[in-house]
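Multiple structures follow.
You will see chain A twice below: alongside chain B first, and alongside chain C after that.
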Partner chain A sequence: MPLTLTQRCCHLLAPLIPFTVVFIHLSDDDGVRQVFEEMRGLYDQNVAAANDSTADPDGTAISSIAIRHAALERNKRCLMAYVFNRSKKLRNMRWQFGSILPPEIKANLCEPEIQWFNSYSKCLARYMKSIGGQGLNLAQDVKPPKSLYVEVRSLIDYGKFELDNGEVVLLKKHSTHLMSRAQCEPLIIQGVLEQINH
Partner chain B sequence: MSLCQSYVPNYFSIQDILATQEKVPCKFEMQVKHLGFLDPGSDKRDIEIGTSIELPLWMASVLNSQRPSIAEVGLPKIFKEAYRDIMKADPCVVDLHKLAQYFYEFGMCLCMLKHRESSEISSVLVESFKQRFRQILDWAQHSTIEVPESKKLDETEKMIYHMGREVGSSLYLWLTEGGSLITAADMVIQHKKMKLTQKDLLH
Partner chain C sequence: MEDTFGEDDYFGEDEHIPAHEVLQTLEDAWLNEKFCPDLLPSQDSYVEAMMEQIQQMEDNLTKLKKTDFRVEVHHMELARIRYIITSYLRTRIEKIEQNTAFILEQETTRSPENPHLSEGELNYAREFLALQENHQKQLVLKHVPPPFQDFMSTQQSLVPNLRSHIFLRAKKDVNGVVIEGDRDTRDEEVDLEENSQHIMQYKPIANLIHDGSVQLI
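Coming up: the complex of A and B.
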């Protein structure tokens, strides 16, 4: 039996407190498994105690059953909060990084989370395609555009980038370009380009 | 991000879960079998009548709500009369981060237990929040350094402090640049920084 009930569950949640980290920590599969084990133990004990209540004339068994039951509910809540808050973070990441996550972050996810992320991306894409007949990219023009073209500077050696009209631009570090806002917006958000502000 | 991160109505709130994990003293009025391990000071199998243990608040509320109640729930140090007087005297100098990291949330949950001093606790909570809020607002709007002042704050106050800073800086950006400048996403910037520090560590 653990030293303190449900203590482990709170360890799971600690890295998810807002403001402590922006990123997702390594998924703690081991911790989750341990919590499940604790819950199974509690459940078995409760079943045993409930079946055995005839042998308990003064009715004190009910109090320990109540405590164990509360611990079970508590564990359930912690696990749900763990899953929910991680997927909330993942959802934010879809909007910030785009549909492809950096490998360092992907390494911290567990398999079901990757599946969830992919299906969320798919859902979102399907929804955006369905808006207004020809589709609408919701990730575009998050801030109201004031001009069609913007001046940008490349922050990294990105390589060749093909524009909508078939022209190919070479994005080298420190090179500046005048590009259509719609095309460079995703690159700016991903940190490849930087808008030059006059 | 919303301010409403507390339990009602949010079942998934991490803040509330951690706040209800704070401990309160409980005095058992009934024998509880097989749960002797909850008392770290004894190695008995059962909890006897009259044992006092510090238990997390969520468990204490269960003990309290059973009829007849299993245990009497006392007040934690920070909400006892002596500390309440300190909070009344000058709440701004108290280091809540050290004393109770979830002072407000914990206090509110504690009030729900219907302790006989609940009303006094709630008035202390409101009063100290009123007094401390001015200071937090001032820090959030005028400090230029990242965190140091927030060291004395409890978690709810920290959240307010960070929100204040964020809003202040986005207002400043909007006033100076007009808001149409496209910038990299927050997470992307953080990710870049993280990569850089990792590189530094390797070299």
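Coming up: the complex of A and C.
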């Protein structure tokens, strides 16, 4: 069924609404392009109607122009919302994975989005460096601490991991460790370790 | 808490505020920020003071023997304080990113002595807005018909819902809080008793958060 006026852009936005779903095959280029085309078509019709001032005895042309104009505004707004919400997902990735994107996510991004991610990353790093004169990493300490040590299980063969006090632990798949929360938190967020709850 | 910071822990040379009071202020600010729809004035001087304090305590801890059981307790305490600080600043950054243009515009209407953003946050907000504008231009605005190409940051920006409801506790007696009525009801005045708790819209009590008469919970 062909999509009617401005419906195409709603189809772009729909998958972004459930925020828990990490839907990042984002470059639905075809959909975006069709919205652009629709907008160009509407605009051309409006220009033509505005120039043809002779043929409007009963004022219908004016109302058509107004409707087309509203549709154009709406499409623009939807496109911007689409881009904004995608950037918001990318932002969350920055907080989760740090400044380097996992390749499987990168594959679903377009060039300007990768640039946006890098600039955002820099911008955030600059701010974190400026906090309190000495800098503070806000991506750490994301959960209220309940105890200093947590029991964790390694989900992958990570290899050697050096602790703050110089000791080295070997993180093998399925091995369990009792580690200080501060040290293993980044690894938990990255999905290397899993916290074991009793 | 008092045990962690001895009574003789003071901040700076001229400002004699005990460390636990600074922490209390930060905790209040953190909760307020967390539950408030709008961005509240930054407490960056307290954040800075607390961070210096943490640094100092960490240094002191390395001097203690590892087997000393107090080390663990103090590490835990430090981890809690760090969580409060990072969570507080994270909440603020989230609000800034969500309502960038609105917050920047509000900031220009305030006097320079009474800013809501710290210097770092202000720079961040400006950079973030520029980043978003450039991004939208690249991906959307460049490709739409000419009359629709401007960014109009304030129009596109999201605005916090100042009418959303919040839970609060009055720290002291406040008389005559005016609650605006809508079409069907008239304006109403309520008195908040000390230590009483209420659910109400954010807007009428916004000023009371600023002067510390109420605490959001």
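To be clear about the criterion, the second predicted complex is superposed on the first by the 165 of 198 C-alpha atoms of A that agree within 3 Å, B and C clash if a C-alpha of one lies under 4 Å from a C-alpha of the other, contacts with A are read in each partner's own complex, and residues count from 1 in each chain.
Definition applied: a contact is a pair of C-beta atoms (placed from the backbone, for glycine too) under 8 Å apart; a residue touches a chain by one contact, two chains touch by 3 or more.
Predicted, not measured: the structure shown is a model, and the values here were computed from it.
Room for both chain B and chain C is found when the two structures are superposed via chain A, with no clash between them.
Contacts of A:L178 after superposition: neither chain B nor chain C is touched. By the document's definition of touching, of the two partners only chain C reaches A:M39; chain B does not. Note on chain A: of its two partners chain C and chain B, the one contacting more of its residues is B.
Applying the stated contact rule after C-alpha superposition, one finds that A:L148 touches chain C and leaves chain B untouched.
In the superposed model, A:A125 makes contact with neither chain B nor chain C. Contacts of A:I105 after superposition on the shared chain: chain B is touched, whereas chain C is not. Residue contacts after overlaying the shared chain place A:F84 against chain B and chain C alike.
Shared-chain residue A:M93: touches chain B; no touch with chain C. After overlaying the two complexes on the shared chain, residue contacts for A:L136 are found with chain C alone; chain B is out of touch. Shortest separation of chain B and chain C in the overlay equals 5 Å (C-alpha atoms, whole Å). Residue overlap on chain A between the chain B contacts of one complex and the chain C contacts of the other covers 77, 80, 84, 143-145, 181. Chain C makes touch with chain A in their complex at residues 44, 47-48, 51-52, 55, 72, 75-76, 79-80, 82-83, 85-87, 89-90, 93, 97, 119-121, 123-124, 127-128, 131-132, 135-136, 138-140, 143-145, 147-148, 156.
The touching residues of chain A, counted against chain B in their complex, run 1, 3-6, 10, 13-14, 16-19, 22-23, 45, 49, 56, 60-61, 63-64, 66-68, 70-71, 74, 77-78, 80-81, 84-85, 92-93, 95-97, 102, 104-105, 143-146, 150, 181, 184-185, 188-191, 194-195, 197. Every residue of chain A that touches chain C in the complex is listed here, in rising order: 36, 39-40, 43, 72-73, 75-77, 79-80, 83-84, 87, 91, 110, 112-113, 116, 119-120, 123-124, 126-127, 130-134, 136-138, 140-145, 147-148, 181-182.
Those residues of chain B whose C-beta lies close enough to touch chain A in the complex are 1, 5, 11-15, 17-18, 21, 30-35, 37-38, 40, 56, 58-59, 62-63, 66, 70, 155, 158-159, 162, 177-192, 194-195.
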